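Both complexes shown next keep chain A, but they swap its partner, so chain B is in the first and chain C is in the second.
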Partner chain A sequence: MRAPFRIIFEQRSETPRYLAAFVPLMSVLAALVAGGIFLMASGYSASETYSNMLSDGFLSSRGITDTLGLSTVLICTGLCAAFAFQMNLYNIGGEGQVYLGMLGGAWAGLALGPRLPSVIAVPTVLLIGAAAGALWIFIPAFVRARLGTSEIVSTLLLTYIAASVLNHFVYTPNSYFRAPNVTFPMGRAVSESAQLTPLGGTRMYPTFFIVVALALFLYWVVKRTEFGYRIQVISDSPRAAHYAGVNARRTTMQVMLISGALAGFGGATLIVGEFGKLDQGILLLGYGYAGIVIAALARNNFAAIIVSGILFSGLRVGGDKLQITTETPIHIGVMLQGAILLFALGGEAFRRYRIRAVRIQAVAQ
Partner chain B sequence: MKKFWKLAATAAAASLIVAACGGSDSASDTTSAPVEKTDVKVAVVYIGTTEDKGWSYQHEQGILQLEQELGVEVKRVENVPEGAQSEQTFEQLAADGYQLIFATSFGYGSPMAKVAVKHPEVCMQWATGAKFLLTKAGGGEFADFDALPTNLGTYFGAAEEARYLSGIAAGKATKNGKIGYVAAFPIPEVLRGINAFTLGVRSVNAEATVQVTWTKTWFDPSLEKQASESLLDAGVDVLAQHQDTTAPGVAAQAKGAKWVGYNSDVKEAAPDAWLTAPTWNWGPFYVKTAKAVAAGTCPSEEFYGDMKGGMVTLGSFGTSVDADTQSLIEEKKAAIIDGSFAPFTGAINKQDGKAWLKAGEKAELGALLSMDFFVEGVVGSAKG
Partner chain C sequence: MNSNIWVLTSADSIAIATTLILAALGALFTERSGVLNLGIEGILLTSAISSFLAADSSGSIWLGLVVGSLVGSLLAGIHAVLSVTLRANQIVSGLALVIFGTGLANFLGKPAEGKTVTTIIEPLTFGPLSDIPVIGPVLFEHDIITYFAFALSIGSAWYLFRTRPGLELRATGDDPATVDAQGLSVAGIRIRYTLFGGLLVGLGGSWLMLAQSAAWHQAATTNGIGWIALALVVFAGWHPVRLIFGALLFGFSLQLPFTLQAEQITFIPSAFTQMLPYLATLIALIAFSRPGSKNLRGAPKALGNPFVRDER
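And now, the complex of A and B:
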């Protein structure tokens, strides 16, 4: 026998305001419920696990400062992804642009840092890091703007090359970036003037506030400037933009270069912050890839990226510490992080579509 | 309920520490708690999982021994990437009151040292570490050796002794004289192992070569497998490894090649391919260190174990290792243990044919610990 009704997805022409906030919240809640069932089925206490995750990620003073510290680079990579996504340009190579930002920042910190006072050295490192990130996306941006070549493939492939470039500079003997006279390959620490001190014994750096300001600035740019308006027009209707005389090629170049620069900036915050040198450890952390998820969670809204970046960061910090503070194995922490993201992204369907159950009989008549 | 006991035990331990520091006034308070003399909170940090049948697995065997002998429960933290982010893990462990932390990978050194400064009450032990690397001269953050935290020790051992012996088995097993070596990172520890292995190979098979492939990872089963297969495709008929898993063994067995493992005596992973493996025995060091910490001291030396002391061992022999080869290896092993033989004894040439050690000359430990070149017979680049 067939079900007496069927489910219909109707596309919404406009999303009601309440859904914009309601859906992400319900998604996280649903993920927690699903994760909780999994936890209990595996013999762990769901409430204990969640309260630990919450306290280690957000509520304890160490937890929240660790979270804000980590969110600094994650907000950057989120901005990087969102800035391109908003114009339907899929820069998924933020990971590689972070490596380049680190490389550029380390160069500035080593070559220019010793000659500059801290107030100039730190911004120089950040800006050169951003420039290096933009440089890394230049070729994908150029071929995309000129020839229409898919930036998805080119930005991703360049990430692997970026990893090799970074490895090269850390491992090659007598490399400018490598600690000299040491047989163990590792980066050379940048000059002290180019390093910030963390806030009051925490692992959070003042760069966090710069990055938050940057996100708000971009929010303003997109909503209030002619440049932002151009991006909106092109993404809504490339043809209309063309007739309106908008130079889509130029805007494509600009948007992609800025996107790359944002990831590069994130990489450079690690140079003035916790790494302080070119460090191959970055290759294992996946900050650039995380940015894609953060942008998706925030639906490319730059102000919301501050929130989703901090949320994601707290989830990661809290999840990573789970195996220290509770008996839960690492796999469960990772699974929970994944579940929350999956549900949050899946919740998008509810925002975009009206979902209704329709009686079959009514349709048959 | 479990949580309550943990809390109670922590409180008891804390009151014991307070009592120890504060004099004997409060001694009567602690008599009610059943705290043993060896009660100590120990944590261990792994780069992979304890099920890797290799590096982490072998450390886990030592930790299990510690748990059994001291009757304590050790906190395991797995899958922690090396580098600055690992500081968060050490910080949390220190804040949670762990008194002894073992960090089982090289890249944990600098973050661990930073946390050691902030938490002088915690004893930190860095496996495969070298204190020199924490000083300014070695590229680290501390002015000199005197500036290093005194609650930080390192531990490692002369795996090169067992590497040499396993090289003899490989040199006898190869039919075409081409041996492959899947290696993690071009750092002295790994180069030393490759060189010792090659010297062992060529002590019985003077024309054989050892082709090295770098994976740039300690722990990545699929990458280790890929690298192994590319070596096998290039025609090697014996594989050796400096990796954390048994993936190279599985790949070797699938192609009918032979395999020298590493870390653990895990013949069952690829029984047909298995020759032997340089293995580790970390248990005695873990037990000794935990006892010292329980007694209120923190060993801050740079411990370097060897075959004589039992930290470095050689695994069991596979069925294809004949009796003659076995007795030859046993003979050399006895000579290493009684001190009459060392793998790095001249005459040894470097990869380019230039002389390194004169006949009869023995390499010094310092030269071994900072090794940055290949010896003759190795194919590949020592720069990675």
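And now, the complex of A and C:
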């Protein structure tokens, strides 16, 4: 027997403006509802969990500054993902590029930091971190541009390699990066001149404002410059770009290297900020992966990434505190991230298509 | 040097290849229909912990395998609905599945931490064959799932290239418009093979859990095997039999760090041996790329593109 109605997708010629904001909002809500059902099925209170997350992540003064502090690196990884995604290049190795940014930043902080005044040391750490991130994506970018090798798999594989590299430098006895005279393996703190002081007793650093400015700058670059236009043309129609004489290979390289640099920059903000040293703890935090969700939710719009980055950061901060306050497993936060992304993707269909159910007249009668 | 340990390494490489083959076959069937499912790692992980919980609470390892496989299919179903029915971006959908699956698996795995699987899947014995030195332990002391995985690879090649449904499957991945013109449902075929692919990946994850690691180590349980499986499909040029060779090679590189550790070969930094499988995969991936075209050798031509009849 066939269903009495058919679902029809009609492509919208124009997306109503209200849907552009409505769909991401609804997907977050839908994910929270689905997560709530799951929480209740596992014997936790959904309302309590969510109200705790909300107050710990956004509403308390401690919560909101923690959220803005964490959002610094998350906005970077979101920008990293979006910058490549906008040209249909899927750099999903932002995670590994964050590790390398941290490694490069730590090197700069240890080797150059002691000899430099703070005004120079901090930018040096950030820039070398960005350079290290770009270096880590160089091979995927090069083989993607030259041989067409899938950047999806190559950048991801390099994340596992980056994790081994980072572990090597933290665990190897007498490693340059390892704190001496401590039996427990941990990173050596970078020089004081390479570290920023958090803002007024919070866990938020001035780098937050740099990153927000960076996001707005990229927004301008993509919308208003010739380089941004080139990216747009290539992603809309590679063939048209080819005939217009746009060098797609070079642009591919440029876009991927910038994408890697953005993640590396994010890793380095952790050196001048929260961590102050190479720390193997980063391997468990998944900031790079979160960037993919942030970028997708913001639909690769760089200004919107600031908002989705802060939103996500709040979810993380609230989720992390749950473990302590209510013994709800911490992983609910990661699960919600994935669920939000899945719902956002489903919601896309409603933005692009008018979906209707049409009754089929029973032929047999 | 102890020759025994190398026999053991070879045997273990074949064992590890089991998960790789099953996961890669799952990806291969899905991709042959034109759907790219990058969520393999998330599916492996979730099916692994599901199989553990099912086996642990029921005491039956076989029930564990069944539950794990079905969970794999269920997660793949999310991807099928999003990418086939709702025509979402398949790459982002797959990644979302990895993130969701990792969170879900860790959430579900909370009560499993510190427990181990009590019953094991018994290896088959082939009488005198198993007693042959070197060859016996390497080839004839595996469990039934391992032999099943290898046989399935060969059977899949026959199915893909020698049967009518196999032809339809390949056509759906290469030229969905023609399949549609033949009166077949492109969406139906794609959803079916995405679900079947998830089933195989789920079986691979469950087997990895119940027969190999025996304890829940969170994300380290799968440790990137899903991604290696995806690269393996490229490496094998979307051919099920060539997959076997790749799986053995990567199985060996995954096993090697443990052997070197057991042999106390320390002049190679352990960080390097740990990255070896990923490095080997990366090099193979690059070596098998063809310049000048985005279409890799043997890749389904419509891979990753949603099929929409009226928008052609």
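By our rule, the second predicted complex is superposed on the first by the 317 of 365 C-alpha atoms of A that agree within 3 Å, B and C clash if a C-alpha of one lies under 4 Å from a C-alpha of the other, contacts with A are read in each partner's own complex, and residues count from 1 in each chain.
Following the convention adopted for this analysis, a contact is a pair of C-beta atoms (placed from the backbone, for glycine too) under 8 Å apart; a residue touches a chain by one contact, two chains touch by 3 or more.
Values in this document were obtained by computation on a predicted structure and should not be read as measured data.
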Just to be sure I read the superposition right, which of the two partners does A:R62 touch: chain B = first, chain C = second, or both, or neither?
first
A:I282 contacts which: chain B (first), chain C (second), both, neither?
first
Touching A:I332, do we find chain B (first), chain C (second), both, or neither?
second
Output check: A:T183 vs chain B and chain C. Expected answer is one of first, second, both, neither. What do you get?
first
Quick one: classify A:A296 as touching chain B (first), chain C (second), both or neither.
second
Return first, second, both or neither, reflecting whether A:N167 touches chain B, chain C, both chains, or no partner chain.
both
Check whether A:G346 is in contact with chain B, with chain C, with both or with neither, and answer first, second, both or neither.
second
Have a look at where A:V143 lands relative to chain B and chain C in the superposition and call it first, second, both or neither.
second
For chain A, give the residues common to its interface with chain B and its interface with chain C.
167, 172, 329
If you look only at chain C, which of its residues touch chain A in the complex?
38, 42, 78, 81-82, 86-89, 91-93, 95-104, 106-107, 110, 223-224, 227-228, 230-231, 234, 269-272, 274-275, 278-279, 281-282, 285-286, 289-294, 296, 308, 311
State the interface residues of chain A toward chain C in the complex, per the touch definition above.
9, 11, 42, 90, 92, 139, 143, 146-150, 152-154, 156-158, 160-161, 164-165, 167-168, 172, 289, 292-293, 296, 329, 331-339, 341-342, 345-346, 348-349, 352-353
If we count contacts the way the header does, which residues on chain A are in touch with chain B in the complex?
48, 56, 62, 66, 70, 167, 171-173, 179-186, 188-189, 201, 203, 270, 274-276, 279-282, 284-285, 317, 320-321, 323-325, 329-330
Along chain B, where are the residues that touch chain A in the complex?
3, 43, 49, 75-85, 87-89, 91-93, 95-96, 106-107, 118, 130, 133, 137-139, 141, 185-188, 216, 370-372, 383-384
